[in-house]
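Chain lettering (A, B, C, D and E) follows the sequence in which the chains are written, and residue indices restart at 1 in each chain.
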Amino acid sequence: MITCRSYRDGELERETAFEPQVVRAARENGHRIWLDVVDPTDEELETLRAGLGLHELAVEDSRRWGQRAKVDLYPDHLFLVAHGLDLDGRDELADREVHVFAGGGFYVVTVRREPKFEFDKVHDRLAIAPALASEGIGYLLYLLLDEIVDGYLDLVDRLEDLGDDIEDAVADEERGGESGEAYRALAARIFRVRQTVVRFRRLAAPMREAVDVILENQAVATLPLAPYYRDVLDHVIRTLELLDNVRDLLTSARELQLAQASNRMNIVMKQLSAWAAIILIPTLIAGIYGMNFNHMPELRWLFGYPFAIAFMAVAAFTLYRIFRKREWL
Amino acid sequence: MITCRSYRDGELERETAFEPQVVRAARENGHRIWLDVVDPTDEELETLRAGLGLHELAVEDSRRWGQRAKVDLYPDHLFLVAHGLDLDGRDELADREVHVFAGGGFYVVTVRREPKFEFDKVHDRLAIAPALASEGIGYLLYLLLDEIVDGYLDLVDRLEDLGDDIEDAVADEERGGESGEAYRALAARIFRVRQTVVRFRRLAAPMREAVDVILENQAVATLPLAPYYRDVLDHVIRTLELLDNVRDLLTSARELQLAQASNRMNIVMKQLSAWAAIILIPTLIAGIYGMNFNHMPELRWLFGYPFAIAFMAVAAFTLYRIFRKREWL
Amino acid sequence: MITCRSYRDGELERETAFEPQVVRAARENGHRIWLDVVDPTDEELETLRAGLGLHELAVEDSRRWGQRAKVDLYPDHLFLVAHGLDLDGRDELADREVHVFAGGGFYVVTVRREPKFEFDKVHDRLAIAPALASEGIGYLLYLLLDEIVDGYLDLVDRLEDLGDDIEDAVADEERGGESGEAYRALAARIFRVRQTVVRFRRLAAPMREAVDVILENQAVATLPLAPYYRDVLDHVIRTLELLDNVRDLLTSARELQLAQASNRMNIVMKQLSAWAAIILIPTLIAGIYGMNFNHMPELRWLFGYPFAIAFMAVAAFTLYRIFRKREWL
Amino acid sequence: MITCRSYRDGELERETAFEPQVVRAARENGHRIWLDVVDPTDEELETLRAGLGLHELAVEDSRRWGQRAKVDLYPDHLFLVAHGLDLDGRDELADREVHVFAGGGFYVVTVRREPKFEFDKVHDRLAIAPALASEGIGYLLYLLLDEIVDGYLDLVDRLEDLGDDIEDAVADEERGGESGEAYRALAARIFRVRQTVVRFRRLAAPMREAVDVILENQAVATLPLAPYYRDVLDHVIRTLELLDNVRDLLTSARELQLAQASNRMNIVMKQLSAWAAIILIPTLIAGIYGMNFNHMPELRWLFGYPFAIAFMAVAAFTLYRIFRKREWL
Amino acid sequence: MITCRSYRDGELERETAFEPQVVRAARENGHRIWLDVVDPTDEELETLRAGLGLHELAVEDSRRWGQRAKVDLYPDHLFLVAHGLDLDGRDELADREVHVFAGGGFYVVTVRREPKFEFDKVHDRLAIAPALASEGIGYLLYLLLDEIVDGYLDLVDRLEDLGDDIEDAVADEERGGESGEAYRALAARIFRVRQTVVRFRRLAAPMREAVDVILENQAVATLPLAPYYRDVLDHVIRTLELLDNVRDLLTSARELQLAQASNRMNIVMKQLSAWAAIILIPTLIAGIYGMNFNHMPELRWLFGYPFAIAFMAVAAFTLYRIFRKREWL
């Protein structure tokens, strides 16, 4: 499905289905057009290619998804791949790839697939600031990029919150006696969020170079637009730095969790071993008085039995005190 | 064995065994020739060197296998080393090295050894798009490189699948009670796939520079061909990034597996120690009533024996409850 | 709240609330003005933007906090983000962000929020060295940066002290018998201080590039001021290097603590196991003489019982000696 | 000892002991001379310095051994340090440093110490290809470098074999029940070979820059020689990459060995603990029937004893089955 | 205290206390002066600043110690910070910072504090080679730097020896049965020496850039001096590379020590557990014959007791053989 928006003097004139003559008209009258393509068929892509004179490699690239963010410059247009990103319910990354062709001084083509990245805010901003729109398609491209990269900052915020949650959970684990099950769930969660952060970083990092390429292209990033593109670039860099923060936090949390688990385990093993030693001593005493020697004077004492029990208790308690003092218990 | 393909106006004219006069004819008539050499003898290489005026160092290099991917520029030809890669049955890398000499504006020589990298698709594409073939040997070189690098992306896909399998296997291990044998097999598998990924990366990484060198050579990467070479370069970079993803995934999986094994071991040791303590307490009680003191009133009680058994049971159960509460059991 | 300081010939002439005509007057009379804004409302920022001709993106940026340190150059002014840093009571970083607009040859605007970074020393230094102030607003910018970066060096000093404390605590732990609780507290402290160091580094590192950008801008970093800016740059680099030192120290301390804990645990487990073995041997002997065989000559010996006790003691002591010799006890 | 070889038209004319007039004669007649110095005394070095006009710093450097590979350029000669490398019997690196002075368009001085790097192949190649020798001393320098760097590739081959051996040994260890002694020997071997690889890398890495420096010096690396030097450079890079491979392999092998040892240990501890629990249960039963209560009906049963034994056996076997099912045994 | 050395034609003319007119005289007569300042007061620094026209920032920097090595270039002089380094008795770094002002074509000021870096060898070398001294103050600066950097190479030698000692100690530990105390001491020593190496690297690394800055300043590093400065640079780089070697060695030693300790611990735990199991079996047998059943035929056998003892011995020995075979003992 191809939607064609035609802008005259920066204001939306009409929104129609795509027809080749719209392109011709726009080219002749100096209008700008935005062709928005969702889940295109091969025929639709071919129509676009022929109508706008797109390079066959760019269109070929646009057929496949899962590309890295980049800007390819062709003689009279550019091809941009960017990744709109979101979190799904299981803290995993939902990747909404967007392909953009922009060129000829008057057209922008956006290609998306379902579930698609939403452009609602871009429409709003185009309606609010029509003056700037007259600066050319570089402005529309900026709005698209800005929208995508703003999503990165939102996403980083949420990942930072997740990181803080995890940090708290690790600290709680330290205090409370943690069961193996909860420990495992937390470890798996750290692993999962960390994977998400790493994947996010991999998808966002090439945007830096992509925006750089646009910035050097003064036909698109005109002098008044340059600060805006630099702003986008700044946001990309900030995203990457904040992601490094989160990744570091998660790595530290994992290490701390491991150290704590090891420490807890050590304490438990020491306690169990100490208790075993405490039980073994009375067992030995009981064994001694269970020997069958004929001549064991204590056996005939009237208070031999209470004495033996007391002996056991004293021995066990002394051991307990020693372990306590050495902080093994 | 040397097969000689002669192209006139981009179309395959004839396919013969190599003879020196073919070269001379091609040079004079402006034909392009593709000499495909499989498992060459030293004499064949020498014939080629003399016939085409190849540099002795390039031919020398071509005698040895196991070279890193590179492009060496000589005054009137270039020498390319690339690695066609595949997975064998044991998830290990099958390396199919290809050497290419291209130059003089009309010849391309490919040197392969058994088991050899297949060029079937290249022949198909040459047949389909003869027009472009008239752009010169740079197009043929592009097709060769594109074929090899497309293989990288396929291979990365398969490694990503292997990585996902391993991730699932680690998660399963977490749930089920895993035997030492299965654990060991999984650890060895992670190790093996990771080695494969690392070797893949080492073989593919120098391709980046190699393609760069060709891109800067405008006699080969002519203006219309440049976007195509940039596309190949883009695929190489994407391959490397995806490989980094897989490597990261495997490293995380290994760490998670280690952490899980350690956690499982801790749980087992705690359980075993706790059970030992639970058994030791009744053993102590039995030892006490096995003492031979003359004056032990309980021994004469009618219900002394059931009482003692009950005492043991209560003591053991109390301990069990305590351990249960502390989540050691 | 906006405070406006007006300087004539480097000396403070008057300090008033902000009014647009002050700007006009300063521009015409060649005075310098310093507008200090604390917790600005959107209206105040808009007034400033209009009055000084600030770029909308810079003002937009200034509305949001948590930016990375940077210098954005606009046609006739620059926008600087810097982070004044301090430690709060819990060894965590207190970040006091400062935004600065400087340009037009005569104005500097500082934007802060509560709890705010204090400029007392800057005022003092401006009063002491008025001559240099006549060199232009670059001098004021230098004072601001110098103040912020001097704070970094103080902070690094305190972190180095914390690092040394931790190193000593780890060494003490090695000597004394450390309880699990103290161990855990120290581990958490290392974790916390390390996080602080990492965050500090992330906030301070971009300052390097920011000061570099100013240094290349000869309108601000004039020839006589350049050594001063280079001095600031040098302090930033030194801060980063010292932070690397502290981070390394903390990493090593953590590793040493882990190694010590593991070593201590090993020693304790060995001791407990050895003691268990020492107790088990007399228990076996007691068990033997507790057997009910009719024909056990020892049982009828007069000194059978003392002999058995002595036998146990000798066996236990021999084992003790063996363990002692092998250094397991 | 200084041997002086004089070449006329690329062919060896005569081989004599060094005398200053040989230098003068060579300079005047356009001959090339190769002075080969082994274990020089200070006087011999001084004679060379004076006779050839070598820079005092270069000669000073040549007095000390253990230098990093480098090329120092002086106004009319260059000073090269390179390391011929070999493995001694204990898999450790034997470093055979070679110093070379080359300049004045006609002389090459090689300085070696015992045990010395052998130049036999260089002599052979000089004899075979005299034509090229007429290209100047750059050719001789190339032969020397090529000889040294070819040694690197041989050495890397042997280290790769060692790495494969170790990988196999680790895999064998996984299968067989490995004693502590063999484990320790293998760990120490991995450590030793890894040290060798690291040292090799450190000695070889600066060669890259050294050859680069020569390549930029067109008086030595003349146009026809340039591809040859690039070939050497390519071999150095390949050496470094292969070394990285080996190092990675060894790191992985060590990690795998550690993981295996830990896994084996866990299995053993679980088995031992499980067996202890299996023994403790019958011990408890025996303790119970060893109690001295007057009223214990079982004691008087005719088949009480076999019953008790059977009870023990059943209890132990049940436990054994449980452990077996949980894969602890 | 300021000592003033005045050189005429490269030879020391006289050595006096500092007086301002000495500077003036030297400037007029073309003499070189070397002002050596030890533990200067603020007044002395101020006198120097005024007398030589030093930049206030440089003097300000010189008041504080603990600076990173650097060269600051001012319009007519340079300011150098370098660190003379030594080992104190406890293998820790003794840092002897040296500040140098050099400029005006005729003066060098060295600032040191107690315990101070010694310049004895510099004086000797100045006396031996007066001719070069006439090349200007760049020569003196070279001598100072060369002295400091030679100290680095000596220090690296000693650290390499320490590293080798530690490697041997770790290997010895592997063979002998190591007590916990010795283990701990060695671990702490590795930690300490590693800290020293890391600090050394941090202090020495910036020297590389500092010498680079001087090399680019052709007023100081004149054409004949340039090779000498390059020699110093080469030594700095070599120092850094050798330090990396030592650090790697120490890291490996620590890892090996950890692995060995873990291995030894595993062996001990296996042995103790195995011995416990060996003792538990006879205990169970003794418990069985301690049961009070009326009908236990063995109890009445004449050789029942020796039989039971033999039974225990055989059971224990069989277990011992099994453990031995599995290499658990």
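Observations, loosely collected:
To be clear about the criterion, contacts are C-beta pairs under 8 Å (C-beta built on N, C-alpha and C of every residue); 3 or more make two chains touch, one makes a residue touch a chain.
Everything quoted here is computed from the prediction, not taken from an experiment.
In summary, the pair subunit D and subunit E forms a contact in which the copies contribute largely different residue numbers, shared numbers making up under half of all those used. Centroids of subunit B and subunit D (each the mean of its C-alpha atoms) stand 25 Å apart. In terms of their C-alpha centroids, the spacing between subunit C and subunit D amounts to 41 Å.
Within subunit D, the positions touching two or more other chains are listed as 262, 269, 273, 276, 280, 283, 287, 290-292, 296.
If the chains shown are joined wherever they touch, the resulting network closes on itself as one ring, and no chain has more or fewer than two partners. Following neighbour contacts from subunit C out to subunit E and onward until the ring closes gives C, E, D, B, A. Across the complex, subunit E meets subunit D through its residues 171, 174, 227-228, 230-231, 234, 237-238, 241, 244-245, 248-249, 252, 256, 259-260, 262-264, 266-267, 269-270, 273-274, 276-277, 280-281, 283-284, 287-288, 290-296, 326-328. Across the complex, subunit B meets subunit D through its residues 55, 57, 61, 67-68, 70, 72, 74, 177-180, 183-184, 187-188, 191, 194-195, 198-199, 202, 206, 258, 261-262, 265, 268-269, 272-273, 275-276, 279-280, 282-283, 286-287, 289-292, 296, 298-305, 308-309, 312.
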